[in-house]
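By letter and in written order, the chains are A, B, C and D; residue numbering begins at 1 in each of them.
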């Protein structure tokens, strides 16, 4: 059946490989993907290890529905201790890697140790080989993949690889597959680089047996139609995720000039529709009918004629909004560069914008920048800084260390202008008018993270009965819920609920854009329960799936606490509280987050989690979820 | 199958409220419709003006604000509010 | 009137859902290697091309088959395989100019599109419009004829030197 | 209209079916010396190996002839053709015709080796031959000649558990269709399965009193109970020659591109004719199933006055070597008397091997071991004399052409890195 995929333990120091089946019992507790990774990380990493040392463990995994007919079940999850935050490190990406990993016979890879010289893994129909990577070391993301395909003689090979940034251990380096599928945030690429692991190449022709094929075909078709019928899916299938930038900037919900302002006005030139002119059709991840990334060729400038995919709304935020640029070519070129260097677009943009504000404030001078004019709006400087960060040249070497380490090196007041949580830069969105979004980033397990618990539909002004329908299952909720996104009422539950929702899909391996992230009528726990049954034969109720999510989220929390996380770090930087928003529609102007009210939200949130007032899981919570004996070393 | 619980899931139920062709004003959340292919739109409720695009022939989307109008309206509203507070 | 799979190559997003549903429909498993439709993909160029049997009227695979196992099924306008007769010589695989006939490595048999006996799942799942199963309208017929004509013409192009 | 077809093979039967499809009234009779219904010679090795039952060899039954209203006269020899009176003579009677189609096929050549007439020396062409080989199975068998028939028969008999010796006069197996590298890949596969292969050896005699007991080559002596000779085919043209039909330079019936012979209302098709090779444009004997089938069809059409042109023979060979698919078409590099130099491009793709032969930037031949899915496009590139640069242009073209003939092959074979 679809569950007969294995877990492989690979020790790069000794060169040993061991494969084991994954017991159905573990599946029922953690499903796969991020859920099981949470378990594995908690069990395989000793507290306090150096994230860039050989004792860190890199996990690569496929969700339990990956490669099945379930819509958009294409997600690959990578986890390790983060060299950026020092806490739970994790990234999740689409594309074709994890389906291919499953066709090659594996669901989870546990990679330990450090290779003596650059290597890559070659995984093929149940076999794993460690190969010399000296020929591809130093190559960019796409050249590496093409070179591996050439070397192994198969065009169908999918490879997850690091670029130059990962080799240089830029602390927010990505793991990448294909042109643009990026495992971003928390620096998993740096972990790979630190292990001298350049790439993981996979190719397989093994069956993934569907438990109930005829029913699966019918049901999956129904779910696909449910997703594609949504207006937002159709917009995204035309314009990509850029439409999110368009919609939020129109209201004033974006950070610009490193959080000094909240709208990039007169920015018609970088509206999604403008990008559309330069694209030729859309591309999709494995098995997805929404197809949200554009295929484009850079129309102008130094990189004219280069093919790439995307950009995502995060890139437009990172390379237009935050540094205050309005140039289309810059965004397209920057997107291409971060893809090929293998860096987190969002972190790069955040760091550059931060440096620009420091330059504006005189904290960084021409001497520090090597003569580069880091004024806001200087497009050439943005591109130049991307190169420098990836290659760790000059100021780039400092910025490559991530928010906290860089601020420490630069000193003065520089930390005051950093927009981060737990040492990870925040998305370009301005969350001051929306407490629910602010609470989400403050409490997310991997730092300022909009993909862990963000109730994005809170911005939709949905009627309360609809909110009740959504947030009232699979566990009942009777407390307050409000349509107004500027309100504080009930937002803690929404964030808590979304956290379980996203953990569930990350464990299943489904894309978040096929969940309530984007719209109220997207698939939900109920649909996933059926998808699981028809595709894999696992019988799990919506509540069972909810509990899997609870369990895995709990382990992520426990991991962070073990690494020294305190309640103080579930918090935002002062700018959220002290500097009111200046632009946008009336509703959004003059907004700050209220410290007391956020405290209250966090307390409520802890309560829903079953944590004590310090944010530590209560013994009874652990018992209820069966986690009291962790680490249990069952896998 | 065992976990076939009820005929309609939450997502299916909420989907019944879908309004194709309509879009919400990003300021006041009023549901509006616009003449097919219209390039811009003024919200009858709040007066904010938006530029439209048509990703699908029947479904408009707010492309962005008419910058000047919306900025002026927002500044007026904020001024009124501050005055009221004083 | 018979229906046929019409492919709009420009619309393909390369998601490979067609491969998945094809292998599930026919084999009950997901395995692109056992799918009757395949996507040829150039990642670095953003080019994806679905390759599937075109159910040729005068099919090279049918004439190449040494056991008459491949034959046309006029009722559904398709080329089918009689597995009782097929000896697995794979001459049809070599003969197909489109590379649309696959060899199933597990079941050890040649596989090619059978139009799912009248309801092709690939077309049903493909919402991009890249694969459609439609009536052979006049317009399509013309396009097909043109394509077939080109193929035929090139096959009959006198070979140099004109010996006879 | 009265059509007589001499020969009950694929060419004759295809001609008959084609005529029937176009003309429901025609009076069609197939006449054959053999008593078998139409069978597939390609399936014979599978029958010998025991994988297929005997019934599976036959493509038609008495009933299916009747359904198509095709009369048969089987087991009778045609003694003469009188083109002037439009008559043929059988052992016992004579028949008149409006159109005559000669599809008399070819027969295996038995080289003049001492002992070749002993009991236990077989060729393989018909189900009868296969029956005799099966009946004569002992412990060991020697196959003389390592063409595809020899190799497939060797595999079949090895599957029966016999000691199998394959002897080839040239330096590699299947020397006419594979170059050294692919040939050696295939050789190692069959050797691994226990078939003993001796190349560069000439059989000097077959020994035994009345029945075969062994084979002597210029290098060794091998004990065996049975010898299967597969060194080539010779067209059956005696009847045609007698009737005054022109015989071509290669010893087969000469036909034009409509499969007409030099005599009015007499057509010929199948293994008994010589045609032009589509790749080289040279006269060729191409006793291959698909060529016979197409020729039969062309003959059928033209018989009824519908002009259809035969484009030429394609030399495609495809065989299964213990689950490994080996395919080849067009020229090989080591072809004797090659006029133009050829550039060879080899590709290892996964576990598969491709070899393209290129002359003047055009594909002139290809061989593959493993996955052959992308060979078809190359075959058509050969037929079309398409330069690689044009193929690349087609592949690069946007929008993608309605007929993406080369895309898949271009992807797999990475044609851009292959230049003429």
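Basically, a contact is a pair of C-beta atoms (placed from the backbone, for glycine too) under 8 Å apart; a residue touches a chain by one contact, two chains touch by 3 or more.
Small disclaimer: the values here were computed from a predicted structure and weren't measured.
S.K.: What chain lies closest to the overall centre, CA atoms only?
M.R.: C
S.K.: Which chain pair shares more contacting C-beta pairs: C-D, or A-D?
M.R.: By the number of C-beta pairs in contact, the winner is C-D.
S.K.: With chain centres defined as mean CA positions, report which chain is farthest from chain A.
M.R.: Farthest from chain A by mean C-alpha position: D.
S.K.: Approximately how many whole Å separate the CA-defined centres of chain C and chain D?
M.R.: 26
S.K.: Indicate the whole-number Å distance between the mean C-alpha point of chain B and the mean C-alpha point of chain C.
M.R.: Inter-chain centre distance comes to 46 Å.
S.K.: Distance from the CA centroid of chain A to that of chain D, rounded to the nearest Å?
M.R.: Measuring from centre to centre gives 60 Å for this pair.
S.K.: So what's the Cα centroid distance for chain B and chain D, whole Å?
M.R.: A distance of 72 Å separates the two centres.
S.K.: Where does chain C touch two or more other chains at once, residue-wise?
M.R.: In chain C, the residues touching two or more other chains are 10.
S.K.: Which residues does chain D have that touch at least 2 chains other than itself?
M.R.: Residues 398, 411-412 of chain D touch two or more partner chains.
S.K.: Return the residues of chain A touching two or more other chains; collapse runs of consecutive numbers into ranges.
M.R.: Within chain A, the residues that touch at least two other chains are 280.
S.K.: Draw the chains as dots and join the ones that touch; what shape do you get: line, ring, star, complete or other?
M.R.: If you draw each chain as a dot and join those that touch, the picture is no line, ring, star or complete graph.
S.K.: By the document's touch rule, what are all the touching chain pairs in this structure?
M.R.: Here the touching chain pairs work out to A-B, A-C, A-D, C-D.
S.K.: Which chain D residues qualify as touching chain A in the complex?
M.R.: By the definition above, chain D touches chain A via 347-350, 398, 411-412, 414.
S.K.: Considering only the defined contacts, which chain A positions touch chain C in the complex?
M.R.: Interface residues on the chain A side: 2, 67-69, 96, 103, 142, 145-146, 178-179, 205-210, 213, 216-217, 221, 224-225, 228, 280-289, 291, 295, 307, 309.
S.K.: Provide the residue numbers of chain D that touch chain C in the complex, in ascending order.
M.R.: Of all residues in chain D, those touching chain C are 10, 40-43, 46, 52, 56, 59, 256-257, 276-283, 289-290, 293-294, 297, 309, 311-312, 316, 318-320, 323, 325, 327, 329, 371-377, 379-380, 383-385, 398-405, 407-409, 411-412.
S.K.: Applying the document's contact rule, which stretches of chain C touch chain A when the two form their complex?
M.R.: Interface residues on the chain C side: 10-11, 13-17, 20-21, 24-25, 27-34, 43-46, 48, 105-106, 121, 124-128.
S.K.: If you look only at chain A, which of its residues touch chain B in the complex?
M.R.: Listed in rising order, the residues of chain A that touch chain B are 226, 229-231, 234-235, 238-239, 243, 246-247, 249-251, 265-268, 271-273, 460-461, 466, 469-470, 473, 520-524, 526-527, 529-530, 533, 539-542, 583-587, 589-590.
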